[in-house]
Each structure stands twice: as C-alpha cells, then as structure tokens.
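One chain, subunit A, links the two complexes that follow: it is found with subunit B in the first and with subunit C in the second.
What follows is the complex of A and B.
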C-alpha cells in the first residue's frame, strides 16, 4: 500500500513536533525515518498509524483519505520499541490476539488460527517458544514475537518505532538482516524510525532525514550519504570534522571568499596523513590512537592552533604509514572538504566557531 | 534460608529488622489472638459447641459472610471504576474526589452508621424513594451492605490506582493496532493486568467488612435471626459477662476469615505469578 503524507503538522501544546511534512511512500518501499531525538520522526510514524491526531494536513493510503480513520480501520502493523507484548498471555495467545479479536463472522476457526500462529512463529524462527510467557524471553526474541504478532493481521503497512533501540549491539545486527529478509519475502510497505544512521543506511531503500520536525532530505542511502542536501544531513550521517574560520581557507582552495559562519566539513576517513610534507599538508600532533576492529582512529591536534580533528584509517593504510605513536608529528591533507552555502540554520557549528576565531584573531 | 551462600546486600540489617518484625507482630497480633484462644478454652467442648451452633449465631455467620462478600464485590467493581476515572481523565475537582475516597477511613464508623441510617431510613432523603417503591433499605440486609460498602470503598480504589497509573498506554495502542475494540482492549488487555490489584483490594475490603461493627449496628436494626451480625453477638455476650462464649464465637469467625483470606491471597498470588516471572 502506498502512503502519501500531505503537508502534515502537529504540535504538542506549544511545541511543534512535526512541521509541514510532505512524503510519498510507494508500495513495497522500505523507508527509514532518521533523525535525532525530538526531530518528530516517532510522532510522524504514530500519525501514520493513527495513534496520534493531526493538527493539519492529510494522510492518504493508496490515494484514499485516511486522515480521520481510526487505528483499527487502518489495518497497520505496529511494532513498539519496548515490544508491548501482553504479559499475561503466552506467546501463542499474543500472536493470535489480532485474529481472536475479529468479529465472529471474519474470525478464522481455531484450527486456522493455530496454523497461522505456527506459520508466523516459523517465520520468526521461534516456534519452540509457543507456550512461554513474554517475561521468559530475551529482548531480541520478544521483538521478533512482537513482529510476528503485528504480521498476524496481514497488514498492508508495517510500522516500526525504533524496533531495535532497546537491544544490544550484536542482536541488533542480527535482527537488521533478518528484518530485511522478511521485507523481501513479504514485500509489505515498511516504515521504521531510528536515530542510528548506520541502521538506516544498512536497511532502508529510502531514507527520510528529519530534524526539528521538518524533512531535511529524502533519498536512497547513497544519495543522502554522498550527496547530502545540507550540513545537517552531512553531519548526521557519519562522523565529521568541522573546519571554520581561517583554517578553512588555509586548508582548501575551494573556499576563496571567507564569509562569516562558513563551515567546511570533512569525514575522518578523508583526511590523508603523511610523515613527510608534500604541499598542502598541515602539521598535526597525534594526541590519541585507538584501533577499533579494522579501522584505526586518531585524535589529531593542529600544531599552531590546537584545533582538534579526528582521522580514520584502515588498518592497511595505517601500516603503510608506518609506526605512529602518541606525540608524533604528521602532515595532514584535507583534500575533500565540503562546504554548504547559505546555511544559517546550522547552529550546532557555532560553538566551534568561537573557539576558532579566538584562536585566530 | 540460604545460610551457606550469604548474598551481599546494599542495606544490611536483616537480623535487626526481622527481629523487630517478629516482636512487633507478636505484641500486636499473635499474643492478643493467643489470649483469645485461651479464653475460648475456658468453656468445655459441649458448651463451646452449643454456643457456636446456636441457630441465632449460625444465622449471624451467614449474614456477616454474605453481606461482606456482596459489599466487597460491589467495591471491587465500583472501586475499579473510580480508580479508572481518577487515573485516566483530567477534570475539574479531581483532587477533591481523590481526597473524598479516603474519607470512609477518617470518619468514625459510628458517625457513618448514623448518617447512613438517617438518609436511608424510610423517611430519610433517599430512603423515602425506596420506601415508595416498596423497598426497605435501613434495618434490612440492604442497609448492612450499604454500610459495609461505604467503609470498604478506599481499599479497592487505592490498590488499583497505582497499578493503573503504571500501566503503559502502549499495551492499549498495540491492541488497537491489532484490531481490538475498546471493550476487547479493556477486558483482554487492561483488566488482566490490574486483576491482581483488584483482588488485593477485594480481600482487604472483605476482611474489613467481616470485622465491622460501629457503622452496621445503627443501620441494621439488629433483629435476631435477620439482621444481627457476628460482631454484635460478640458484644452482646460480653455485655452479659459471658467472656468464654464471646471468645468462642470470635474464634469461629477468625477461622472463617483466615481461611477465606488465605484462599483469596493464594488466588491473587497465582494470578500475579503467571505473568510476572522475570
């Protein structure tokens, strides 16, 4: 089922949670609503489900106006961050709930319900837990049951609110793949909310980046990562170094006229480190080295101004560079600085700004 | 219990607090009850049996148990409703109503009894309308039930209220996304979650009603075989200086209460256990 969100706004008392959001979700798409907390992503998801009312705008399902339909009428599957499994029911009863509450004439027979539940439990690979209570399950298992329960009513839209937010890293990783597989198998239009950029990049077909109740960018993972629409999207999707003030014109040729407040960005893995100077490099001191699996992160301090940067190297390039230890001096090249023009909204860079101007004036 | 592997607690003092608990319970509950049992043994078996199986006494057991049970059930239903309203809705005067719930505890029971009698008497404010319909409230079993409902009201409200407060709305939301209607959500999702608390409140209200004397004697009319409750018979025996007889009846009543409360608590424990293992 395709979903159209037309100019939707919502405020909680005086706080605007969602502002004039326009979004088109085609049938079968796998969409991530990505943003920091308080960006309105969960509110938007809950509005699609009908759990939250709209102040203005419209929500269409397959072109039909669903704005005033009740939750029950929308037939959406909803998965909560904290699972919301019914504690007094066994796993079987939980999954069967959506079928058992149907009016008598649409209700499947006991045998059909049983078959359906077992089929779903097979899908989530937890058939052996059918007689347990939710409290006897681990977090990952509970979330899988919650998904099975949502799928039992055969929804045409599946909505997930930070589905893996409460789980530990390894289980989260597993469930991401698994959810992707299920989406491929069933091909239900799926929308999930996350604040984890990695999760969004890894799972979604389309990423909707939200900030302060507004949509910043909509696009495929490649688009939003490699062609971010603005500084917010760029800095939200991955680690980033900010370069402001005079340092910016010193390190890149792309910025010729330096306006106040212009910020340059570079990802840590795009900083090239060398032991000998070849032109544009600046002298930095290694403050800290930590290796994280296959990558090595280095904290660098600019020699003359004390500005801090983070560089990320693969283990291979780190070996090529040769032995580096804390306190060593290196030459850093900033080749790929990105600058966004006319961005008064990026208030998060201002703090750094004062630090730099203090250093330079 | 697990003396071998002593687990470390953040707060020490098990010995002290347990010792205090035992002494306290002994002084307040166990010793007085033991004295009661001793007093009851001053009669020989035949006398005891005759006292406790006297038709008038048996009728009072039945009446007390029946009216207490009805009052506790009424409180379970309406107490849950009041708790629901107080937790789920915001309205003007909510705090006042919240405070009113505790009033039956604060009011001397005799005052409550007299007030209720005045209102429900055949010529009272409310009693006259019942009288017109041919129903007598005061001086009948109905009157006793009303008095017992009054004094037991806070128990259910106060035990259900916090549980309902803690019940996350996400369960209701989950049920509604699965297609459940409001009735189904209440009976299949909310009620099972608050049921142990309702039972606790029910047991407390029931226990309170079994022992109630002050408010009931005014409204019941105290007609032998019809509206005499057990506590009243005990007082009557005491006034006749028949301490042994009073104690015997008290012991029987104590036995009934203990068994019933034990059963309710067992039931409550089982329901609660079912979905709160972690």
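What follows is the complex of A and C.
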C-alpha cells in the first residue's frame, strides 16, 4: 500500500510538532523517519496510524483519502516502542488477539487461529514460548512477539516506533538484520522511527531526515550521507568537525567570497594526518588518542589558532602513520571541507551543496 | 596485605556490633507497636465478642433474629447492594477519565472526588437534609410528587454513596496511570472496538485493584454511621441500619443485644481484612 502525506501539520497546544510535511511512500518501501527527539517523527508515524489527529493536510492510502478514517479502518500494524504486550495474556493470546476481536462473520475458526499464531511464531522464531507470559521474556523476544502480533491482522502497512530503542547493542544489531529479512519476505510497506542514524542507514531504502517538525531531506541512505541537503543533515548523519571564521578562510584559500560566519564541515575520517609536511596541511598537536575497536580517534589542537578537531583513522592507517603519542605534532590535511550556503534552520528547502578542496601553498 | 586483613576483621566486628544494636532497636519498635495495637484494637475487638456471648449463645442469636435487628441487617445489605455497584461503575469511569486523558479541570475533579474524605460525615448527611428535607431546596417539589428521600431508604442510600465514593476511584487512579495507554492503543490498532478494549485489556489489568477498592467501599458502606444517622430518622424496623441499631440498643442499656449486633460488623471487618490480604497477595504475584 502506498502512502501519500500531503502538507500535514500538527501542533500540541502551542507547540508545533509537525509542520507542512510532504512525503510519498511507494508500496513495499522500507522508510526510516530519522531525527533528534522532538523532531516530530513519532507524531508523524502516529498520524499515519490514525492514533493522532491532523490539524491540517491529508493522508492518502493508495490515492484514497484516509485522513478521517479510524485506526481500525486503516488496517495498519503498529509496533510500540515499549512493546505494549498484553501483560495478562500468554504469548499465544497476545498474537491471537487481533483475530479473536474480529466480528463473528469474518473471524477465523479456532483451528485457523491456532495455525496462524504458530505460523507467525515460527516466523519470529519463538514458537517455543507460546505459553509464556510477556514478563517472562527478554526485551528482544518481546519486541519480536509485538511484531508477530501486529502481523497477525495481515496489515498492508507496518509502522514501528523506535523498534529497537530499549534494547542493548548486540540484540539491536541482530534484530535489524532480522527485520530486514522479514521485510524482504513479506514485502509490506514499512515505516519506522529512529533517532539512530546508523540504524536508519543500515536498514532503510529511504531515509526521511526530520528536524523541528519539518522534513530536511528525503533520499536513499547513499544520498543523504554523501549528498546531504544542508548542514543539519550533514551533522546529524555522523560525527563532524566545524570550521569557522578565520580558520576556514585559511583552509580554503581559493575561496574568496566567503561571507563572515560561514561554517565549513569535515568528517573526522576525512582528515588526513601525516608526520612530515608535504606542503599541504596545518600543524596540529595530539591532545588525546583513544581506540574504539577497529578505529582510532584523535583529539587534535591546531597549533596557531587553538581550534579543536577530531580525526578518525582505521587501525591500518594508524599503524602506517607510525607511533604517535600525546603531545606529538602532526600535519593535518583537510581535503573535503563542505560549505552550505544557508545555515541550518533558515530554510528547509534543498540547497546546493558546495564542496571545496583545500589547497595550501 | 596484612593491613588489609586487619581492617577487614575490624570492619566485620563493627558490623556485628551495629547489627546487634539494630536488632535491639527492631524488637523494641515491634514490641511497642504490638502493645499499642493489642491495647487499642485487639482488646476492644475481643471485648465485643465476649460481651456479645456473655449471656450464652442462645441470647446472642436471639438478638440477631429479633425482627428489628433483622430489618436493620436487611436494610444494610440493600444499601450496600445499591451503593457499591454504583460507586464501582462511576469509580471506574472517573478513574479512567482522570488517568488516561488530559483535560482542563482535571485537578478540580480530583479535588471533588476527595471531598467525601475531607468532609465530616455528619455534614454530608446535613447536605442531603438541606437539599431534600421538607424545609430543603427541593422539599416542596418532592412533597408535591409524594417522593420521600429524607427519613427513608433513598436518603440512606444517597448518603452512603456520597461517603463511600472515593474508595474505588482512589484505588484505581494510580494503577491506571502506572499502566498508561499503550496496551489500549495496541488493542485498537489490532482492530478491537471500545468495549472489547475495555473488557479484554483494561479490566483484566485493573481487576485486583478494583476488587480491593470494592471491598473497602463495601466495608465502609455497611459500617457508615454519621451521615446515615442524620438522614435516617432512626425509625425502628424501617430506617435503621446495623450501626444505628447498635446505638439504639446501647442507649437502652440492652448491652448483650447491642454487642451481638455489633459483632456482625466486627465479623464483616475481619472478613474484609482477610479478603483484602488475599487480594494484596494476588496483586503482588502479578
């Protein structure tokens, strides 16, 4: 089922939660609504489900106006952040709930319900827990049961609110792969909310980056990561160094028309460190080194301006660089400084992104 | 290493001394509490039964099946049978509204619910007299249509409903607030309608708390004296509830009968406590 969101707005008392959102979700797409807390992503998801009313705008399902349809009429599957399993029911009863509450004429027989529940439990690989209660399950298991329960009513749209937010890192990683697999198997239009850029980049076909109730950019993970529309998207999708004022104009000598207050951005892994100067680069002092698994992060202080930067190296390039310790001086090359013509928040329209290559002589 | 062991040894002995002090203090506190409870609660309770049975079992039962006593028992049961279900239904509705929705005047509503606890029962009774009594605001209207509320059963029921209203609501609000609305929303997304959501999701989740509230409400409904006393008129065999009947018997120096009827209320209290602790035990298990 395709979903069209047309100029949708919603305010809570005087706080605007969602502002003029336009979004087109084709059938079978796997969409991430990505943004910081308070960006309106959960409100938007709940509006698609019908759990929240709209102040203005329209929501269409397959081209039909569903704006005023009830939750029940929309036939969506919704997975809540904290699972919301029925605590007084067994896992079987939880999954069977959506089938058992159907009006008698289209309610499946007891045997059909039983078969369907077991089929779903096999899909989420938890058939052995059929007689347990939710309180006896781990967080990851509960989340999978919540998904099985939502799928029992055969929804044409699956909506997930921060599906893995309350789980520990390892379980989260497993469930991401598993959810992708399920999506591939069932091919239901799926929309999930997350504040974790890694999760969005890893799972989604389409990422909708939201900020302050507005859509900042819509695109594939590839597009939003490598061609961010604006500074907000750029800095939200990964670690970033900001370079301002004098430091910026010095690093980008070819650019003469930089306005005052312009900010340049560079990702930590794009800073190239050398022990000897090759004409390019500036002198920096190593303030701190810490290795995180396969990467090494370094805090650097620019010698002449005292600006602080963060650089990220793979363990290999770190070894190539040779022994480095706190207080050493290195030459840093800033090769991919990105400058956005408008500052974040001033406009949400897509902006031309300008890339500069620093040249030092 | 050596110094470490020494400090460790020193620490355990210090802990031992402290724990000995703690245990003395503990038993002292328990003892005082027990003594107080025994003196002020257990002894009077025993006195009720011993007074009631002082002149033999036969007289005890005679006092209970005497027509006026029997009428009082019936009236008390009828009153509770009306007041408790009404307060249960409206209690659930009010608790649901307060716990699961945000609306203006929510705090005002909470305050209103607490009024029966804050106001003296005598005043509660007087309010009804002022409203429905022959000199009251609605008196002439009621007299015209030959409806009797004050000094009759409806007045007693009304006063009891007023006094016992907060029990169920107050019990349910924290439970419902704690559970939030997620499960109900989940039920709705799964296609359940309002009734199905209430009976299959909301009610099972609050059932033990609800039962607890109902038991307390019932105990108070049967035992209420002040408010009922004002509106009843103390007509023997007609508008006397058990507590009022006990008072009349006592004032007539009919101690054995008074204590015999009073022992019914005491038994009710004991039964309430037993059911209450059973429910508490059940609630903790879930």
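Things to note:
Quick note on the criterion: the second predicted complex is superposed on the first by the 341 of 361 C-alpha atoms of A that agree within 3 Å, B and C clash if a C-alpha of one lies under 4 Å from a C-alpha of the other, contacts with A are read in each partner's own complex, and residues count from 1 in each chain.
Here, contacts are C-beta pairs under 8 Å (C-beta built on N, C-alpha and C of every residue); 3 or more make two chains touch, one makes a residue touch a chain.
Note that the structure is a prediction, hence the values are computed from the model and not measured.
Superposition of the two complexes onto subunit A shows a clash between subunit B and subunit C. After overlaying the two complexes on the shared chain, residue contacts for A:318 are found with neither subunit B nor subunit C. In the superposition on chain A, contact of A:136 is made with subunit B only, not with subunit C.
In the superposed model, A:49 lies in contact with both subunit B and subunit C.
When the two structures are aligned on the shared chain, A:61 is found in touch with neither subunit B nor subunit C. Applying the stated contact rule after C-alpha superposition, one finds that A:236 touches neither subunit B nor subunit C. Look at A:72: by the touch rule set out above, it reaches both subunit B and subunit C. The interface of subunit A with subunit B overlaps its interface with subunit C at residues 49, 51, 71-72, 75-78, 80, 82, 84, 86-88, 97-98, 101-102, 149-150, 152-153.
Those residues of subunit A that touch subunit B in the complex are listed here as 49, 51, 70-72, 75-78, 80, 82, 84, 86-89, 97-98, 101-102, 133-136, 149-150, 152-153.
Within the complex, the subunit B residues that touch subunit A are 168, 170-171, 173-181, 184, 188-189, 192-193, 274-278. Across the complex, subunit A is touched by residues 182-183, 185-193, 196, 200-201, 204-205, 286 of subunit C.
Contact residues on subunit A toward subunit C in their complex (touch as defined above): 49, 51, 71-72, 75-78, 80, 82, 84-88, 97-98, 101-102, 149-150, 152-153.
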